[in-house]
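Next up: the structures, one after another.
In the two complexes that follow, chain A is the common piece, with chain B as its partner first and chain C second.
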Partner chain A sequence: MVGKNCFAIASDRRLGVQLQTVATDFQKIYNIHDKLFIGLSGLATDAQTLYQRLVFRYKLYQLREERNMKPETFASLVSAILYEKRFGPYFCQPVIAGLADEDKPFICTMDSIGANARELAKDFVVAGRASESLYGACESMFKPDMDSEELFETISQALLSAVDRDC
Partner chain B sequence: MISHCPDHFSHVYMDVVREYRMSRRYDSRTTIFSPEGRLYQVEYAMEAIGNAGSAIGILSKDGVVLVGEKKVTSKLLQTSASTEKMYKIDDHVACAVAGIMSDANILINTARVQAQRYTYAYQEPMPVEQLVQSLCDTKQGYTQFGGLRPFGVSFLFAGWDKNYGFQLYMSDPSGNYSGWKAAAIGSNNQAAQSMLKQDYKDEITREEAVQLALKVLSKTMDSTSLTSEKLELAEVFLSNGKVKYQVCSPGTLSKLLVKFGVTQPAADAS
Partner chain C sequence: MMTIDFSGLEPLASLCVIKEHDEISKPLSFELPITGDFDGFQREAVQMVKPAKGTTTLAFIFKEGVMVAADSRASMGGYISSQSVKKIIEINPYMLGTMAGGAADCQFWHRNLGVKCRLHELANKRRISVTGASKLLANILYSYRGMGLSVGTMIAGWDEKGPGLYYVDSEGGRLKGTRFSVGSGSPYAYGVLDSGYHYDMSVEEAAELARRAIYHATFRDGASGGVASVYHVGPNGWTKLSGDDVGELHYKYYPVETEVVEQEMAELSVA
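Entry: the complex of A and B
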């Protein structure tokens, strides 16, 4: 979710196999560099492997270019890596959030084969099981240009209320 | 100068050896031994490195120090943030280079990819010796098969891992490597190495190591004046439990040169 010169990214921490909950502290949001985060929802093994592959590519980029990757570039990289597996995809939907040039917030999501919806989202993006409920909750709770405190409250409430409905 | 004429190299390897030798017919193939059991192409590669800018590495108990002499200094050179002699391989390993820069770039890229591949497979940083060994295996390949010439580069690898702490390794075109407490590569490396042997103490601290490295380099460098533009200094150390690789800024380097009394005034203003 985008706020005024800031963004927030949130996820639940459940790892489950259908109805059984296996873990309640599973990490789904990863830090790529201090101004870039990626949240990966979906199949846990695919999320982990995808993240490890992204770290591989990102580290080499950082060593060669001697700078951090911009969020837009990273989104294109994720999209390309997902499309490589077009006929045997990662069962994973990423949510990318970062600060672009001049610390302008950037968010985007894509489907599991890399269809990049980055031009469309200026307010919020959602992914995962409860995405329909999340769309509804965000749409009603979101207002533009929130500061970081209010944004934190809003995104948390939206996530909690959507997840509550998802049984 | 080495870095300016990489395309002439196939001829230079032959021309470097001027003294008459019966075994000249064994010079041109990398993959065969001479009757005395030598690999001439590898030795010629080491000759090439002996003409390149020197680099010194010193292992201290709280870090590793790498100092390099920049050979290419011209006012016309577009200075960018990137370094000429020092390169980061991964978060916990860096290297100093001596020799043909274009060859070095290939190997550095190979080393970086190898380090990332290891991390991808094992989800932990690649142990320094394994990285050095893997890169040296690549270099060795060019001395045994393919009919390609060896890489004309020597490296000083500085890194930290949880098994052996801080380490310093030197590798040469033959693919040989070994761990060192202090080592020198490039021009005048023999003189630098003997100076290091005299002055190195086992419990040296990182600051003392910087001082020793700058002192030794200033004595063995060919140029008349020693300014921060001609040098690069990098350190690998632990900070808040994480390994840090830090290249010294020119300002800080100038201050260090003055502090340790190794600045020589510029002989001419150019």
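Entry: the complex of A and C
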């Protein structure tokens, strides 16, 4: 979710196999650099592998360019890596959030083969099993230009209310 | 020419002489749907109801009677349609039924069972036994076998022989027993129930065991949750003992330890 010169990214921490809960502390949001986060929903094994691949590519970039990657560039990188597996895809849906030049917040999501919805997302993006519930919750709770505390409250409430309606 | 005599299979009401067309005394019948392919329709109906039985219910007999407990979540695939469904159905003041499977099926047939039990009481001037009540329900469900009803219920009550517990399902099964758990969360509930069970428990201990078993099932099973209700059936009938939100039970059984969450995330990004 986007706020005034800030963004928030949230996820649940359940790892489940269909109906059975296996873990309650599974990490789904990863830190690429201090102004860039990626959240990966979907198949846990694909999410972990994809994250490791992305970190590898990102670190090479950082060594060559001697600077941090911009979020827009990172989104293109994720999209390309996902499309490489077009005929045997990673079963996960990424949510990318970062601060671009002059701390302008940037968010985007894409499907599991890398289709971008970058231009449309100026307020919030959602992914996961409860994504329909999340769209409803975010749509009703979102206001533009919230400060960081209000944004934190809003994103938490939206996530909690959507997750409460998902088995 | 000999014809097969079906009169024994027909419901009792049709053998009585019906003077006026009474709604109550008309034999129970359901219209069949008008479709070209009835077998295909039946298959679809079974698939739709999907006897997955996303729920957790349990009941057990102990020294002081029968303890019955259930969760309260109703799910439609992955969507939670309700967190406050009454899964323990009060058939009459001394008999309880549990709901697992199709909600409409369970509610309707339990109410129908209640009607039949009352009619038996009036006709015979004594209460129906748990054996008799469960047999009535089992026979009805058997006659609808293969038509897509989804019912996995336990009939618990106290009659002249003492506490009684039967498991009845829509495939026509009927089992007498002392410990049952039904639903998608039943393996988890059985684990807790079987390891903590003694016949000589007090009512409080049995209630705590039942509550714990339901809580553990709701924790692990995604299709169970909401409120854990616990009922006790004693010689004077049933009483509702408690209805606790399982989220609150979690914090009661496992108080929060301060976890350094930020530390975990930082470690993983460096690696």
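Here, the second predicted complex is superposed on the first by the 167 of 167 C-alpha atoms of A that agree within 3 Å, B and C clash if a C-alpha of one lies under 4 Å from a C-alpha of the other, contacts with A are read in each partner's own complex, and residues count from 1 in each chain.
The rule is simple: a residue touches a chain if its C-beta (ideal position, glycine included) is under 8 Å from a C-beta of that chain, and two chains touch if they have at least 3 such contacts.
Here the structure is a predicted model, which means the values were calculated and not measured.
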| item | value |
| --- | --- |
| Fit-or-clash call for chain B and chain C when the two complexes are aligned on chain A | fit |
| First (chain B), second (chain C), both or neither touched by A:Glu66 | first |
| First, second, both or neither for A:Thr21, with chain B first and chain C second | second |
| First (chain B), second (chain C), both or neither touched by A:Arg53 | first |
| Touched partner set for A:Asp166, first chain B, second chain C, both or neither | second |
| Partner chain(s) touched by A:Asp101 [first = chain B, second = chain C, both, neither] | neither |
| Chain B or chain C, by number of chain A residues touched | C |
| Superposition-derived minimum Cα distance between chain C and chain B (Å) | 6 |
| Overlap of chain C and chain B interfaces on chain A (superposed complexes) | none |
| For the chain C and chain A complex, residues of the former touching the latter | 54, 73, 75, 78-80, 83, 184, 219-223, 225, 259, 264-266, 268-269 |
| Chain C partner contacts - residues on chain A that touch it in the complex | 16, 18-21, 25, 27, 29-32, 129-130, 133, 164-167 |
| Sites on chain B touched by chain A in the complex | 81-82, 88-90, 109, 112-113, 116-117, 119-120, 123 |
| Of chain A, residues touching chain B in the complex | 52-53, 55-56, 59-60, 63-64, 66 |
